[in-house]
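The same chain A turns up in both complexes below, where it pairs with chain B and then with chain C.
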Partner chain A sequence: MTTIRTRMGDGHAVEMTADEIRSDVVAGTEDAADRGRIPALTEQECDWLVELFCRSDRVVGVDQGHEVVLTDDGSVNALYGAQSSSGVGVPVSREMGIRVYERAFCMDSMEVGHPDYSFKPVRPIVALEQQAMESTLLSTIVPMYYGAMPNLALYARPDGPFPNPADLLPMGKIDEARAAQEEAGEYCFRDMVYVAKKMWEVGADGINFDTTASAGDVEFLATLRAVEQVAGSTGLTIEVGMAAEFVLGMHGKVAYQGTRLAGLYPHEQVKLVEAAGAHVFGPVVNTNTRRSTAWNVSRAATFVKACSEAATIPVHANVGIGVGGVPMCETPPVSMVTRAGVAMVEIGKADGL
Partner chain B sequence: MTQQELFDAAKAAVVAADEDQAVAVAQEAVAMGLDPVRVIAEGFTPGMREVGDLFERGTMFLPEVIIASEAMVAAVAVLEAHLPADKKEKKAGVVVIGTIEGDVHDIGKGIVATLMRVYGFEVHDLGRDVPLVSYVQKAREVDATIIGSSALMTTTMMGQKTLEKLLKEADIRDRVRTMVGGAVVTQYWADKIGADAYAENAQEAVQKALELVAG
Partner chain C sequence: MGSGDPFGMPVSHSLASGMGGIRTAGDLVARMQLHRKMRLPEAKAFVAAKLGLSPVELSDEVVMRELREELDIGVITSVPGASKALAAKARIGRLLDLKINSVEILKEKMK
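Let's turn to the complex of A and B:
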């Protein structure tokens, strides 16, 4: 029987028959539908994905006219960090790296970000970051975000002043853990607003709140509040990119505009991000390393499609290592990265990646 | 109330994280003269399993999981008083867990530690950025059955490989089972370094740990 060479979620090569791929595509979309309580992909969409994974092309692309906006986040870490050896990749400055992304890699918008990549450590050096932003703006054409992570965990001991909920919760100190998160969230909110306003002063085009809710629902709340404040006081384009497919309930009770944040999936997250005043939303769907890429891409496309249908702002799906159907390995195979990207656009109806 | 109805009520009390109700069901079971072992195994334990499933699906949250586990502990305490000495509930195993040296990402590891406690493991959480030798020292000190290590970065996952080597050099590798996890870790990595188990998420980590101690 003819088999197709494809990949597992951990990047390993695997030979599958067309029937096995179809079975995984159907199982993947059904899993997303079940978890997110959203519609599964139609039979035609599943057929399309099966065909995508059965094609022999190593690299695939969207149909002409379906091209979408491409943005690189995480600054240029992927360029000057070597993914395969965790060492130095191409030893270029941030500004040079960004210009390479713009002029050689054809990114439609880019991001300036500090290697620490969290708002808290940027606050004390924001004047230096303003200089970097201004200098980059003068030498580039594409829209330029400043990007960093809310990263609420940095506000808890030993990295910050507040008790660590990861220490308190196992001891049953639930009220204390919730109070500590709420206090930390206030400082996180202030740092995000402070840095955003400083970037607006030097002419940044946008601010990217990246990997939002990595430490759970309180971090998501702090970010939504920051979005509201920044939208109301600057002309920055605001992007909110998520950390995972559902909001982790480390607190469990916090709400925004009456909606409990814990447990929200992308199609629900985007409505709150819109309400806060953001302009672009970046949904994340996690990759399961034990399932095939066909299963993962089908699942991710199902979540992103539901998100795009619910959204009134552009949806820029995260398609990178371990998210958006891309395998979780240091250098994901281009065959799978391009298939994931195409599926997010053609099936998920994403406006950008 | 029939026996099956009581089992269902026990499960529902845990899923609802209702300690008063869980204790009331346990007292009712004692009054009915039911076997406490069966009440735990067929009522409260399935409830806790469902709690774990709901957490993994994002419909129940960490504080609620902890309150549910406290409800189960309180109910089991009522039932244990009526157990023969040889059937008193024993701890599932002794776990030493931590995030590998150089890595400060410990939210996921903390959730795994919490769920393991919920399932009856004695857990010694070493925290984050844990020197590799500390795992070995703590495992010796508490006579660990499982050592769990987490790594979120490709730079720190190498520590999991070194830990396997240190455990062999300390001559305790054959006495403990090792588990690895973290965002960048895969089953392939676990196989490559010789770890005994890998888990994709916290709920699976508990199931793997239970399988490891069951032999």
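Let's turn to the complex of A and C:
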């Protein structure tokens, strides 16, 4: 029986028959539908994905005319950074790297970001970051964000001043854990607003709140409040990219405009991000390393399609390592990276990646 | 887009799915999404109308290379005398009826 060489969610090659790929595509969309309480992909959409994964092409692409806008996160850490940022260690400055991304990689937009890439460490050195932004704006044409992560965990001990909910919760100190997160969330909110306003002052086009809700529902709330504040006091375009498909209920009770945040999936997250005043939403769907890429891409496309249908603002699906159906490995195979991106566009109806 | 090495992420997605940045009209469509919250079809239609093109031509490298030089809004190759950076953004702002923050700050300083 003829088999197709494809990949598992951890990036390793696997031989599968067309029937096995079909079975995984159907199982992937049904898993998303069940978890998110959203419609599964249609039979025609499943057929399209099966054909995509049965093709022998190394690289695939969207149909001509279906190209989408690219926004980046992590700035150019991947160019000059080290392994932790997927960095390839090229000795270039951030400004030089951004020009390489603009003029050699043909990105549609770009961002300036600090190597530490969180708002908390940026606050004390924001003047340096403003200069990097000003310098970059003087030499580039594409829209320029400043990007960083809310990263609420940095405000908890030992990295920050507040008690750590991960220590308190196992001890049964639920109220104390909630109070610590609420206090930390206030400081996180202030740092985000402060940095965003500083970037507006020096000419940035936008602010990118990346990897939002990595520490759960309080971090999501702090970010939504920051979006509201920044949208109301600056002309910045605001992007909110998520950390995971599901908002963890580390607190469990916090709400925004009457909606409890814990447990929200992308099609629900986007409605709150819109209400807060953001311009672009970046949904994340996690990759399961033990399932095939066909299963993962089908599942991710199902969530992204529901999100795109619910949204009134542009949706830029995350398709980096370990999300959006892309395998979770340091050197993601381009065969799977391009298939994941194309599926988010053609099936997920994303406005960008 | 997401985390990953430059070849695995920006290069791969740019080739497979991206609009092409300043090599085509990618930055212009991006500006309409980012500044005006336009969904992709609306943003493409708006820019295409401004440029007198069809939406599919926005990603046509040959059409856009010539048109960008003609409009003097910045081109991908290094052309002496062509508008660069802020000058190109000022012309893009005028073309798309947008106020671009860095351009507005420059105008303010020139008063």
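The rule we apply is simple: the second predicted complex is superposed on the first by the 346 of 353 C-alpha atoms of A that agree within 3 Å, B and C clash if a C-alpha of one lies under 4 Å from a C-alpha of the other, contacts with A are read in each partner's own complex, and residues count from 1 in each chain.
One rule holds in what follows: a residue touches a chain if its C-beta (ideal position, glycine included) is under 8 Å from a C-beta of that chain, and two chains touch if they have at least 3 such contacts.
All values reported here derive from a predicted model rather than from experimental measurement.
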Room on chain A for both chain B and chain C (clash or fit): fit
First, second, both or neither for A:I207, with chain B first and chain C second: neither
Partner chain(s) touched by A:T289 [first = chain B, second = chain C, both, neither]: first
First (chain B), second (chain C), both or neither touched by A:V326: second
Partner chain in contact with A:L137 - chain B first, chain C second, else both or neither: second
Chain B versus chain C as contact partner of A:L169, first or second or both or neither: first
Contacts of A:D72 with chain B and chain C, given as first, second, both or neither: second
Per-residue touch tally on chain A - higher for chain B or for chain C: C
Partner chain in contact with A:A306 - chain B first, chain C second, else both or neither: neither
Least Cα gap, in Å, left between chain B and chain C after the two complexes are fitted on chain A: 12
Doubly contacted residues of chain A, that is, touched by chain B and again by chain C: 86, 322, 330
In the complex, chain C residues that touch chain A: 1-24, 26-27, 29-31, 33-35, 37-40, 43, 55-56, 58-59, 73-74, 76, 84-86, 88-89, 92, 99-102, 105
Complex contacts: residues of chain A adjacent to chain B: 10, 12, 35, 83, 86, 153, 158-159, 166-167, 169-170, 172, 174, 177-178, 214-217, 246-253, 262-263, 265, 288-290, 322, 328-330
Chain C-touching residues of chain A, taken from the complex the two chains share: 59-62, 64-65, 67-74, 78-79, 85-88, 101-103, 105-109, 137-144, 200, 202-206, 235-237, 239, 279-280, 311-314, 316, 318-324, 326, 330-332, 334, 337-338, 341-342, 344-345, 351-353
List of chain B residues in touch with chain A within their complex: 57-64, 66-67, 70, 104-107, 109-110, 113-114, 117, 123, 125, 128, 154-155, 183-184, 186-188, 200
